[in-house]
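Both complexes shown next keep chain A, but they swap its partner, so chain B is in the first and chain C is in the second.
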Partner chain A sequence: MAKATVGSTPKLNLLDDVGMILFRGDLKSKTLQDAIVEVTGVKVPVRGKISTEDQTSIAWMSPDELLLFVPLERVGELIEDLNHKMGEEDTLIWDISDLRSVFEIEGNFIREVLAKNTPIDLNKDKMRKGTFRRTRFGQIAVAFWFESETKWFMICRRSEAEYAQQLFEVSSKPGEIPSVF
Partner chain B sequence: MSTRLPTGGRFIDRSKPLNFRFNGRKFKGFEGDTVASALMANDQKVVGRSFKYHRPRGIVASGPEEPNALFTIGKDGEREPNQVGTITELAEGLEVKSQNHWPTLETDIGSMANLGSNLIPAGFYYKTFMAPRQAWKHLFEPAIRQSAGLGQPPNQNDVDHYEHFYLHTDILVVGGGMAGLLATRLLAETGLRILLLEQSPNFGGRLVQDHAEFGEGASQDWVDSTLLELFSSKNVTMRSRTSVSGIYDHGFVIADERFPNTSGKSGYLKRRLWKIRTKRIVLATGAIERPLCFAGNDLPGVRLASGVRDYLINYGVSPGDRTAIITNNDDAYRTAIALAEVGLSVPLILDTRMEIRGTLPTRAKNLGLRIEPARGIGEVLGKKTVSGLEMCSQVGEGTSLEKIGCESIAVSGGWSPTVHLWSHCNGKLKWDETKVMFVPDWKHPPIDSHGKQNIFPVGSANGYLQLHEIPSQVEQIVRQVAREFDKDLPEIQLPHTREITEDRCHGTWLIPYSMKPKKKMKAWVDYQNDVKVSDIDLAVLEGFESIEHSKRYTTLGMATDQGKTSNVNGIALVSHNLGIPMDKVGTTTFRPPYSPIPLGAIAGSAGKELFKPTRKTPIDAWHVSQNAHWEPVSDWRRPYCYLLEGESVENAVNRETLRVRTTVGMLDATTLGKILVKGKDAAKFLDLIYTNAISTLKPSRCRYGLMCDENGFLMDDGVVARLDETTFLCHTTTGGADHIHGWLEDWLQCEWWDWRVYTANITDQYVQIGVAGPDARNVLDKLGGMDLGEEALPFMSWKKGILGGHEVQVYRISFSGELSFEISVRASEGLELWEKIHEAGQEFSIEPYGTEALHVLRAEKGFIMIGDETDGTIIPQDLGLDWAISKKKDDFLGKRGQQRSYLTDPDRWKLVGLEVLDNDEPLPHGVYAQCETKNEFDHPKMEGRVTSTYYSPILKRPIAMGLVERGTERMGEVIKFNCGNKMIKAKIVSHIAYNTD
Partner chain C sequence: MLKLVCPYCGIEADETELVSGGEAHLKREGPDSTDDDFEGYLFLRENPKGIILERWRHAMGCGKWFHVARCTVTQEVFGTYPAQTLKPPPRIMEVIKSRRTGQETGLNSDNAEKFS
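Moving on to the complex of A and B:
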């Protein structure tokens, strides 16, 4: 009585040209919010969200941490500008472009493949566009967000990327994906 | 003879025959068969041997409640023991083996225990085998192990795979019978997310075989049209072959989805374990028929009446030409009628009740069937299988009134609602005297985190067995569930069902009522665990009156079927024995799983290469190419050493160690933790975290620091580099990175939340390459770009620069005593720089070295290693690290702890070097030094232990470090280490073995 599970299965591709900046600070501070908008052109996202403008996305990591996705070649310049704009205010801004691996997931049944390995609520009304969800994928820490139903992103520690790829592969075998979402 | 009928069988497809083997013999079945139905169709009466007495056992039931038909399915890497034949679907080429017999199913030596089943009464194991003591190990235990137990565990790796699936839903409906389907259909209209799970491959439950007519039209049509509707509802997800096995707190539910192997190929997805979060649960799990207790009731051929009906209608299987019926209720008459209608003989219906008036008995009578009221079975006739029965008076002692020939006996002792899942989260049960069953007690339901009822039983799971009662009852409860979500049910025309008056079931627990003790030894209560009426009598007699005690004493309701057919009968017998009502006896506790789940499904995809994530550095592939011999270091894998062709591990370690001492070696140190600490209060913060002063460190300088826990015990160590006035980079051990990061955040978030400090674990951002040895600088100079001279970069300092075209930070630190640099570069450039250094080093015969050479090098210099010299009970002072403990600071974590009397005791074991007197006898790891004196327990007193021991290739002798009582005061003394078969003598020396300057 399982609904059909035919159709192409999603693929995982490693993106190696994503610049990433770690930004810790008081997210409620006006200086910080202004600095972020002025330097990146993107607003500070609210809890659990990711905001995107053009080639820059900013993800909410924790009550005092943001993760900036920027063009790789602009990382140094942006960090300098951000540090400058933050002035005397407490902050930790660091180039972490190599800290995590960024994956692009493309295809159908992405929610189903993820649901095999992550305990979060992946129903369409909960995991929506603009949601940035930190959780786990199998046994490793990851975060997910998506651009469209057929194009998602996932980040994990660089040293755990191979595990993520292997787990994704065994979880996306054709004919073994229940159509649920 | 049980056999396949020429027609019928709504689940099987006669156009698709399947071949399978049972104990090596070839059998035939059809697609849609279960292993059990196919075996019955092939007249396989004996399917296994019982647990204790090895009695021949046949198929009893048709669902997951089956106690006897347990098989080992598949062979080699596909082998799975204890599979329930009644729910295992037949597949082409399936290998089915019976269990628990020796040497064969037909001739079992263990069944000699039959000579007197009173040989193994309740509590047998507790009473016997007490003496002589030695006999247990050598005689009793091996004998019991040979005869007890069910299937054999697989002895090969599982070739198939498993996975998990997480789903969040509003309402979970458990059971796809009439009540479950109706509940889902009603709820579907609310738009809430509904998940409907059915354990069998077919929806409809017992509806079709029990009630072919369903008000207007056939019940199959109602099932089909309902399914069709649900199938098109976007908010409804339905899964068949998915058995809910446990309900836990907070609406967490585990369900086990089975996949039949339709392709016949190995390596397929065998099971999917669903991990469900739901707000409310509608329990439509139906009911399970109970057997009756009479002498010989375990002979193959005695089956539940509902099972006989299922095999007949669902699979077109005849249970035998002549089937006698014994019942205490009206439902069993359905079986009699069904058998008669296909032309099989029903010689006799024994009904334990005095008065029989219901619609179904009347119909049976009209079919010309013989009904005997107030009669029971004195004893079943037949040796290995049923050949007949002796009729007796139910109220008497069992005197034979008449012998009846039959091959099959269909038994019905009434029905028990399947309340297991209700009970998992503490839903209470109550005994319904009129219905003769335990039903969910709605006054004490399972509750959610808000204290509100979260499981709602409907249909027969709620004690409503009559078809006509179900629709309105389901609607009423489901409406209540919907209201909790502020939804109202739409007005839907409920199915109009035909009313059939069924008379009350009678609580008949013993047949006959005054069964003689000898007969009680042949009357089984629990088939799977071989518990007889006599065992329960004995348990109660011996004082095991609480049902929880008598259960454990007799093993009633244990093992794989968890007493699905036996529990209520057992409780009733205890109640009968004690003369107290059922309610007072109570029930045992139902716990998950409802049906066993294979361990593979619980592991899910976390098997084989995905058992645990292995963290790899960007240089990992290079290590592979250089024949690295691996060592797991926390979650990472690191080269232990690199093996040249034909080289032993030992020789490789010696070669690598000497390379560093003589010219130069390189090490992948990427895995060491790197934690950034930044802020106006960072220095103040680190002064409290480390035992030594960090605030006095100048930018561009490094310092080795120790971290202790609140008790003062050494937890982690590493080099701190001050990057600028407010920024520090703290290096940790490989295994300590995540823990220390958490430790820092814990103090910052919970204790010093107003301090202006941020931290970040940036371990993976950088590749760190250690270059160590007399030629280290020469190699790096060849790469060019940085002045790494003594003046430009003195020991314990760091600087930024461009090395070989890469932006790097170079730390002048050493863990080997040699000239040494650690070069940090962004991870994506790590491999490239590594290869450049390797190439530049060729002139100096550079070689990579692994973790073991690293250990030898540090041990030669007397440097400690967290986890070797420390074990959570060691303070820095024990290791002679007093120099790294600030005397000036007001406080640091662990300071107060270290002042406790036990830790300031001058008798504490201190770190020293240990030099063996005979170089051919190195000290083993972890051995203890033993004194001549005894301790307070009259054991030899221990005065020290070995913490690190290696062969030093540069010194050409074994070296060791250890903790010895007052060790530092006892230089030159010789102590003895107990190494099991011999004592090894060692002299206490300085812990620095090499180059002591």
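Moving on to the complex of A and C:
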């Protein structure tokens, strides 16, 4: 039996200044890769990863989809630039800032709290820095990644954000987190 | 608990992250088909005791459909492959043949053509 942890528990904070752009297209295309680097300054990530430079991150969502995290006030301008750079190539570039919620999770024992509600392997050798893992959190679809052991991020649909918040609160009560990782 | 590797994401997804889509490689019967063929296409599904080819969707992930070859008796998974194909690729067939022989394959005259 793992011993219960003591001390502070992780906190979940809603970030409301993150702009999100959904980008669908042929990820192998040279035009697309060039357009992304030129406009955002970040390289297209490989499968299952997220790449970050400064305030911009790009996550690999599926073989034909990327999710761009950018400062909220730059969304319009970036979409225009991307559309221009992509020219005639088949793409869908869409502002989904209002459709998704981004959470910042800060504190100790984050892996433990998440492990209560998700089926993925959160061991340190599997869930590494740079990994962008889409999975479920309780009953909702989410994705996780982290900057450091004490600073993680989670996205979900905005309509399900309240559920995510409440579930996280219940799962992170002091004295109810087993020390595992 | 079934764990399948999504051929698109390359990650091992848990059964609860997936949605089952039933039998794979159905042949669509269109407006020119007979009533019997159309009924078969719509409603009649195999329920084999043994090897089955199924469709699954990585619902809590990339959202793509893919195919799985597995055994309903032993819960053994032979492999997964992308959905853009009419029959299982040779690598999947090799795995099945290396682990099953003759009668044990569970193949009968109805579904044998799918595997050939």
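Here, the second predicted complex is superposed on the first by the 178 of 181 C-alpha atoms of A that agree within 3 Å, B and C clash if a C-alpha of one lies under 4 Å from a C-alpha of the other, contacts with A are read in each partner's own complex, and residues count from 1 in each chain.
Just so we're on the same page, a contact is a pair of C-beta atoms (placed from the backbone, for glycine too) under 8 Å apart; a residue touches a chain by one contact, two chains touch by 3 or more.
The shown structure was predicted, so the numbers you read here are calculated from the model rather than taken from an experiment.
**Q** On the A-aligned overlay, A:Ser159 touches which partner chain: chain B = first, chain C = second, or both, or neither?
**A** Only chain B is touched by A:Ser159; chain C is not.
**Q** Between chain B (first) and chain C (second), which does A:Ser62 come into contact with in this model arrangement: first, second, both, or neither?
**A** Second partner only.
**Q** With the two structures laid over each other on chain A, which partner does A:Arg24 touch: chain B (first), chain C (second), both, or neither?
**A** After superposition on chain A, A:Arg24 lies in contact with chain B alone.
**Q** Let me test your reading of the model: by the given contact rule, A:Glu104 touches which partner, first (chain B), second (chain C), both or neither?
**A** Neither partner.
**Q** With the two structures laid over each other on chain A, which partner does A:Gly138 touch: chain B (first), chain C (second), both, or neither?
**A** The answer is first: A:Gly138 touches chain B but not chain C.
**Q** One more residue to check, A:Glu149. First (chain B), second (chain C), both or neither?
**A** In the superposition, A:Glu149 touches no partner, neither chain B nor chain C.
**Q** Contacts for A:Asn117 in the overlay, against chain B (first) and chain C (second): which applies, first, second, both or neither?
**A** A:Asn117: touches chain B, not chain C.
**Q** I'd like to know which partner A:Asp81 touches here: chain B for first, chain C for second, both or neither.
**A** A:Asp81 contacts neither chain B nor chain C.
**Q** According to the contact criterion defined above, which of chain B and chain C contacts more residues of chain A?
**A** Larger number of chain A residues touched: B.
**Q** Touch check for A:Lys173: first (chain B), second (chain C), both, or neither?
**A** In the superposition, A:Lys173 touches chain B alone.
**Q** Need the overlap of the two footprints on chain A, from chain B and from chain C, as residue ranges.
**A** 119-121
**Q** Can you check the complex and tell me which residues of chain A touch chain B?
**A** 1-3, 16, 22, 24-25, 64, 90-92, 94-100, 115-123, 126, 138-140, 157-160, 162-163, 166-167, 170-171, 173, 176, 178, 180
**Q** Going by the contact rule at the top, pick out the chain A residues touching chain C in the complex.
**A** Within the complex, chain A touches chain C at residues 47-48, 61-63, 65, 119-121, 133-136, 141.
**Q** Which positions of chain C touch chain A when the two form their complex?
**A** 8-14, 16-17, 59-64
**Q** Chain A touches which residues of chain B in the complex?
**A** The contact residues of chain B facing chain A are 161, 163-168, 193, 198, 203, 227, 231, 237-240, 269, 272, 275, 277, 605-606, 609-610, 612-618, 636, 676, 678-680, 756, 758-760, 762, 764-766, 826-828.
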